[in-house]
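Heads up, there are several structures right after this.
Shared chain: subunit A. Partners: subunit B in the first complex, subunit C in the second.
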Partner chain A sequence: MRLDTDPYLSRYADRARDLAASEIRALFAVVNRPEIVSFAGGMPDTAAMDLDAVAQLTAEVVRDHGHTALQYGGGQGREELREQLVEVMARGGAPATPDELLVTVGGQQGLELVAKCFVDPGDVVLAEGPTYVGGVGALSSHQADLRHVPMDAEGMRTDLLEEALAALKREGRRAKYVYTIPNHQNPGGVSLSEERRVHLAELAEEHDLLLLEDGAYSLLDFEGHVGTSLRSLVPDRVVYVGTMSKTFAPGVRTGWIAAPTPVRERLVVLREAADLCPGNLTQLVVERWLTTQPWEAQVKEYRALYAEKARTMLDALEAEMPAEVAWTRPSGGMFVWLTVPRGIDTSALLAKAIVNRVAYVPGRGFFGDGQGGDALRLCFSYASVERIREGVGRLAELLQGELALLRDVFGADAPELAGRRDEPGITGGGQGGGGTSRDPGPGWGVA
Partner chain B sequence: MSTSPHVAVLTGGMSLEREVSLRSGTRIATALTEGGLAVERIDVDRDLVARLGAGGYDLAVLALHGAAGEDGTVQSVLDLLGLPFSGSDALASALAWNKPIAQGVYAAAGVRVPDRIVLSQLAFRELGASAVVDRVAETLGLPLVVKPSTGGSSLGLSVVTTAAELPAAIVAALSYAEAALIERFVPGTEVAVTVLDGRALPAVEIVPKGDRYDFAARYTAGRTDFHVPARLDEAAAAACEAAALAAGAAAGARHLYRADLIVDADGAPWLLEIDTCPGMTETSLAPMAAEAAGVAFPDLCRTLVDLAVRDRAAA
Partner chain C sequence: MRLDTDPYLSRYADRARDLAASEIRALFAVVNRPEIVSFAGGMPDTAAMDLDAVAQLTAEVVRDHGHTALQYGGGQGREELREQLVEVMARGGAPATPDELLVTVGGQQGLELVAKCFVDPGDVVLAEGPTYVGGVGALSSHQADLRHVPMDAEGMRTDLLEEALAALKREGRRAKYVYTIPNHQNPGGVSLSEERRVHLAELAEEHDLLLLEDGAYSLLDFEGHVGTSLRSLVPDRVVYVGTMSKTFAPGVRTGWIAAPTPVRERLVVLREAADLCPGNLTQLVVERWLTTQPWEAQVKEYRALYAEKARTMLDALEAEMPAEVAWTRPSGGMFVWLTVPRGIDTSALLAKAIVNRVAYVPGRGFFGDGQGGDALRLCFSYASVERIREGVGRLAELLQGELALLRDVFGADAPELAGRRDEPGITGGGQGGGGTSRDPGPGWGVA
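For the complex of A and B:
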């Protein structure tokens, strides 16, 4: 007798049929245990929040607007909140009007809705390589042909973007859009230089491009510097995705999309089909947070806290890491991108890392094409300063040991063991891992 | 003891197979609770001994996979606490956990196991073993299966078809264990024989839809076809049963265990390993075999409880 463990298999849509259990996802089940110093999840340090203030305003929301808070709302989101979110965008240098906004359930829903709105199976979307793991997931679930543009310390190499666009043109194809996180990119930790922002805007005009600008980390520059928003340069060519997760808290699941009106109208209908409307309760909480609390002071506090944590992590990396390892030096945001010699497979190494009580996100999750086996992402925003030192120490020891092992197994002069510090770019390409391929994304359930 | 024992289902822990273990544990606990038993699920951590000491439990059902749960560690602690538990005792668990040692024991008991070589991290670090890696392929032939010497769920397992791929595969396996077990690849039909209280249940044949039975194929419903009983002729089926029982006896395994085998083109079974705490998830093999033998999942769980109680005196 043949046993059918999934009798629904013949019914699945193409986008769901190939979804599979993932080793990495399974390993993440251990990561949240307190024994482990986790640099994995991209989590804000909500310990910095004034919980009494949040408790009070939440109580006020229920007391003063209880019936509204517990009722359905409009698909576009509350107008009063959109007015406030426009102010938040303005602080990040991105102009918008409340009517252009659509309130979403976190920035993630924004990325997914934009993919749903624009991507047919096989459509090309360009993005930084590496790019946000949830962005990869949103695009994979709509079967996009995701192609990556390498980065260096100044963000996306717009010269290489230009080449990619020319190559697409020769193929008779075009990119549906270019997804970019210009400020303190997740996971690269680097920002797009001002010159390249202008170049990107020029390319958008020249090639009739649509840009998806993800502003998640726009207000998290350690010095308070605000980069020029792409939306301020070519507003008609930019769909902007924002989030309250990094400036307030991810638990309220509040983000937004700012889009040209025809796009926004379609997005509202698509969102209504997905979840009808954003929750009024959390919208009112965010609204009240923005109108009654010193939210900018809170952002400033996050910035100062993350600056200290970033410094701690960078100092520890400098002091502890073997010479063959390279990393980016963020001036904001929440992440450091670390590149190891090509002989090390960071997906396979995660198991050993967990046994050594430290965790990261393997680089492959940030690519749609299996690259990234020789890189990993470290999040510095969540762990305490002491835990950061401890965790970097464990990771350095692990990498020292792994390099020694590789020298022992491959021989000391193996080209796979060459250091990466002098290489241009924040990571090499390469299908790291060779014969031991570990599952790449889409989506391991981490932010 | 009252007629309705108070059961601790041990699950989770720090193991790399934590997620699978949580799935097994939840499923067992639900089945026993629905069967009318007082059940608590315990996620194994530093408080385990204190919790078991204070909890007034009559026995523990083990749903632990991976180190600490399957290698005899928990079993030794439970022995000290005087708490009966399901599954193999500490010694048999420790033995089966170490695949190279276990294969030696199975071979000595007359069970056919693949030709193999073990290379530990120590061999590379202190003995310069990289100089002899080339000989592995010469000695065993290609293709080869490279896996960690301990652990389950196919984690860290690779199949290499050229000698050049061997070093990377060894390194990947060493991410999961102190030593890499390198076996001659035996082509054939993949079969699992579950043994419940000394009785072999119908063999389950595993036909992955992709190229192999890896982690995704194991734990994604629909990724693998299973045939129960396995489509083997009578002689091959009997040989599989005999191999599973002989290997289990040699290791001293008890209650419930699963033997993984390959049946080659001549119908000869090759034993790969014995799992003393087999998966109990929706896609796991032992529950499938039990079902085919007329033992529904709740009854299988209840049997584990009864076996733990029965063998209390023997422990």
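For the complex of A and C:
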């Protein structure tokens, strides 16, 4: 249905008028076909899960706590689960009390509720560029003025954040908050250095800033390294969002927000208006998982599996990609950020990629301001190592073909062929991670 | 935490600034104590469920479809489930296609997404007065100008709706939509007559109106009667919200929206920004429930159980309540709406009621404009028949005491003692249902 034929158009709220099912979305409808190697969805490899154990504990939950499991619960979420989630946070070095927690429908609901709580239309929010597509979606749906701070191999350029804050001050404005994913950033695949964490905390104090710390990948460092949590540095200035989607399973849709009490109270009221309460059935399943199963061993298994898959992807990229292409070198998480010469539009290229049986997420989705047309995100966590090699091969072949076409049309020295390997940003020489870089619309059904 | 001590106050969005944990909310924290008979939460009696069957099918879902159950899914919800939900809608006389459906986190998320899709701050939405507290919460959270249309024993006074529409036209405004619960309305306990359904559909055509039809209680008529769905009368003008919370169980947090395709497309984008996707685990449980279990027999069991409980409550009210108190006579659903003399404030009375070991929801929560201080909602579906008798006795005793106090202070003929039995509205002589009546804030963790 095209916008100009929508008979309901005059009725929509401002925030919804320009939303439309994008072409990208239509393409994503086919990427789950078995012949396509998909690096698109940010999906954990649940093949690593012990399904019998989960089936058994799920049945136990219904048999032992059925009337609770099937009934409504409180809007903040079960206290028993919040106590467990505080323990999960502690493993990631982030302190919190159960009362500060609100159980959410995945990390995504956390990001949306925080936007709903703080963002009036036109309010400035700062975030890494690129940043999580669902974060862009949550902010867009509340009409935020999302501005990006470039990254390099050490994560967000806090010196450039400082400049952005000074520029805002000159405009007589302030940022409602700074959204950051310090560990194994999605989609950049880089982490914020320890020095910059301290700098970011100092900037928060100096500029009276609120930080939104997204800890989705905090436990997924390949070596088990735990970065210093912003919440441990400036707790009163940090709203923390966490998720069980990457350490347990996305299908239970369980995440949380940890926030100073007055903020948490408002968030509970907003969540009740949004969907009343988190489901007791899935809360009880996660609770039992955390209390009766070796969940830390499961996380270790995910780590080892993803380390192997990341190595496979990086080796294949090194072996197969043309010299004009750059990418980041993740030490954890689930993603590689890849930058191509400016003459190639990764949104336009996606249809061809799918014909060539490989899928990725075009870079524009990770920015609120149209950047990212020369970048794309590859997820290495879901596909098997064999499929990763195949998929990278197909993508490399496609890019070779595109570059040859550009050379034919523009000549070998054309600016369209210039890569960004030697520029600052998360593209630098393939050693760092993530570039600085228009909008296919939020979401493609997966994180 | 009081508002004036909240250090984050200057940061909130307009919609969140005035939100606060209300005193009512604090009171509701204690109503689940066993010594208290709670008529507060709109909770189904899950004691009627076969827990062994649910435990078994839940384990089967994880064992047979574990990797799907634990993984992300599409934002619209599983097609297999949408096909089943279309069948559930058909039992309630509401036509839809699976493509028109969006699976939501309970009916509440449906109400919120529709508000987010259509309501800019200050936009007028019309609804029955009183109306579902969660509907008020969803609209308040999007700063709607919620205006109420009174009800009588035949539901919404469509003649007064017509007047309201004419008045809006004179103001040069229009309603973004009309929210209605035609069957066994929450909290009024009355249904829209067949004549008025036709009138409402005619008004929709004449005034180019969009209707939000909430079918939560459509299958819960004590006699199995199915009212004509607005969606069957003017399908292009109706967005329908449904839920499995009342026919299966709230703990799986599964509802849906059925909307014309262009609207449904936008709603999917908004839902992905809100929480990415409905959980596969709970979707598969509901799917298997609907395909392998005698779900219609379960609904019949709920109906028979609630018919008995309603009869018990109505008999007890008749036997125990002072003459100044009026109430509605539900023929289905889960609620009785009770109106007291104007001198009694049901919000203020709640603390006393809880001391007397009985709980209800004060009437103001069901209005967006401060009405309802002389009314309250009683839920008959959850408490046992013995507890219903006990609870009504305790409430009657409390009201007798309040009336005696009013007589002592003001004299027996004071206007504070005047009941509303002989006035129009859903208070009329205890034969109709629901009055026209300030805001404890949205939500108390239960529908």
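Observations, loosely collected:
As a working rule, the second predicted complex is superposed on the first by the 425 of 447 C-alpha atoms of A that agree within 3 Å, B and C clash if a C-alpha of one lies under 4 Å from a C-alpha of the other, contacts with A are read in each partner's own complex, and residues count from 1 in each chain.
The definition used in the following text is that a residue touches a chain if its C-beta (ideal position, glycine included) is under 8 Å from a C-beta of that chain, and two chains touch if they have at least 3 such contacts.
Here the structure is a predicted model, which is why all the values come from computation and not from measurement.
Of the two partner chains, neither subunit B nor subunit C is touched by A:333. Ranked by how many residues of subunit A each touches, subunit B and subunit C are led by C.
Within the superposed three-chain model, A:75 lies in touch with subunit C and out of touch with subunit B [touch as defined at top]. Touch criterion met: A:343 reaches subunit B, while subunit C stays clear of it. When both complexes are overlaid on chain A, the residue A:274 reaches subunit C alone and has no touch with subunit B. In the superposition on chain A, contact of A:6 is made with both subunit B and subunit C.
Legend: residue contacts after superposition of the two complexes on their common chain; A:352 is shown touching subunit B, with no touch to subunit C. Common to the subunit B and subunit C contact sets on subunit A are residues 1, 5-6, 8-9, 19-21.
Of all residues in subunit A, those touching subunit B in their complex are 1-6, 8-9, 19-23, 25-27, 29-30, 33, 35, 343, 345, 348-352, 354-355, 402, 404-406, 408-411, 433-436, 439. The touching residues of subunit B, when paired with subunit A in their complex, are 14-20, 22, 45, 121, 124-125, 128-130, 133, 153, 155-156, 158, 160, 165, 167-172, 174-176, 204, 215-216, 218-229, 282-283, 288, 292. Those residues of subunit C lying in contact with subunit A across their complex are 1, 5-9, 11-16, 19-21, 41, 43-44, 46-47, 49, 51-52, 54-56, 58-60, 62-63, 66-75, 104-106, 108-109, 112, 116-120, 123, 134, 137-138, 140-142, 176-177, 210, 236, 245, 249-253, 260-263, 265-266, 268-270, 272-282, 285, 441-447.
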